[in-house]
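Take a look at the structure below.
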Amino acid sequence: MKLLYFAWLRVRIGHAEEDLALPAGVHDVAGLLDWLRGRGGGYAEALRDVAVVRVAVNQEYVGRDHPISDRDEVAIFPPMTGG
Amino acid sequence: MKLLYFAWLRVRIGHAEEDLALPAGVHDVAGLLDWLRGRGGGYAEALRDVAVVRVAVNQEYVGRDHPISDRDEVAIFPPMTGG
Amino acid sequence: MIRVQREDFDIGRELDRLAAGDHSVGGVASFIGLVRDMGGPEPVSALTLEHYPGMTEKKLAEIEAEANRRWPLSASLIVHRYGRLEPGDRIVLVATASPHREAALAACHFLIDWLKTDAPFWKSEATPEGERWVAARTEDDAAARRWREEQ
Amino acid sequence: MIRVQREDFDIGRELDRLAAGDHSVGGVASFIGLVRDMGGPEPVSALTLEHYPGMTEKKLAEIEAEANRRWPLSASLIVHRYGRLEPGDRIVLVATASPHREAALAACHFLIDWLKTDAPFWKSEATPEGERWVAARTEDDAAARRWREEQ
């Protein structure tokens, strides 16, 4: 699984991307966010207010119940501010 | 009084402007339009469907009951099609 | 600012100039009207715009002042051409600059709707059948009326 | 057409190109977003735009396709910059060309509202207090939602 972080999530976590083997017991977006927060440090800080965080799986915005597989590109970021 | 004609009113009447002494008995826009139509020829043709015609007195759009004086600039034209 | 002129205008230069040096401007909205030839049985080879010199400038200035009264604009511009134009030629430019995107967009829309029905211009088209005066559209009256009701 | 780029763009050239040679186009509407510095206690010396390469292009293409589905457009364009910009610099251009003025204006408004909330861009401002991430505005969500309801 490829993980991407943007904006202040990237800054707090400390890197823009990483490769990760799907952790045991993680099946959906909610599970992945919980697992990442459980890593502590920058992850815990970045994901403290997890409700504001948005997620895209394979470049599509998804909800918390979206399934996650080991071949996915998962991006985590704050609300967008383009334009 | 200075009279100005625009667009198809100008074409039908045959000239773009003329000077006119305020005709006896003409006090308002409605009276002036009636008087001009009464001249016949191009005037009668241009003012046949008098309801569609618009009038400006001294460069302000006015209604049919607007008073007319001998020092006015009176413009007569069809609905505008700018932009 | 308003201008009534025969000559064409340079969109890039006009829009750049509108917000130049004013760092409070967050958005510039613009509309450009072009001479259209829809093809069909009566192709338009030219469009001639007639106007009422003096009154045109006065009405455009009034329209612009009304937009500035309704929305917080940093700058606004109306350039309207007259004379003989050909399909694809620019007729009119309206542009608005504001700190706020919504204000710039709404004021630009207002200006073009309003000047369609309120500025003393008349169009005639050259077609194979001869000169044809363009009729006022009831949709244009309806569009301008909408802004009166929202006042 | 959509483009995501570091470089600035030439408004005049982009807008001229949009309708070039298509005589059915009666109106071109556009909106340009600029880097704003409102002054105040925390002046902005620079704005950095981060985006999600690949997904950005995909979302912009979707937004553009949606506008073309809703309105009869002859052409449309979104150019969005990323990287480090300064106050007064152009961030984004959206432009629409249509035979009909209302379609061009509405589609342009839709595109800028929609991309504000739907395209994966993030802004951070350089201020004397340091970097500050620009927060999403609830007004922007409301503006985008309006188009969903009108669908």
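As written, the chain order gives the labels A, B, C and D, with residue 1 at the start of each chain.
Following the convention adopted for this analysis, a residue touches a chain if its C-beta (ideal position, glycine included) is under 8 Å from a C-beta of that chain, and two chains touch if they have at least 3 such contacts.
Since the model is a prediction, treat every value here as computed from it, not as a measurement.
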Identity of the chain that, by mean CA position, is farthest from chain D: B
Inter-chain centre distance, chain A versus chain D - centres from mean C-alpha coordinates, in Å: 26
Interchain centroid distance [CA atoms averaged], chain C/chain D, Å: 23
CA centroid of chain B to CA centroid of chain D, Å: 48
Chain D, residues touching no fewer than two other chains: 33, 101, 112
Interface hub residues of chain A, defined as touching at least two other chains: 83
Touching pairs - complete list by chain label: A-D, B-C, C-D
Residues of chain D that touch chain A when the two form their complex: 33, 49-52, 54-55, 58, 80, 91-92, 112, 115-124, 133-137, 140
Complex contacts: residues of chain B adjacent to chain C: 4, 6-8, 10, 56, 59, 75, 77-83
Of chain C, residues touching chain D in the complex: 10-13, 15-16, 19-39, 87-88, 99, 101-102, 104-105, 108-109, 112, 139, 143
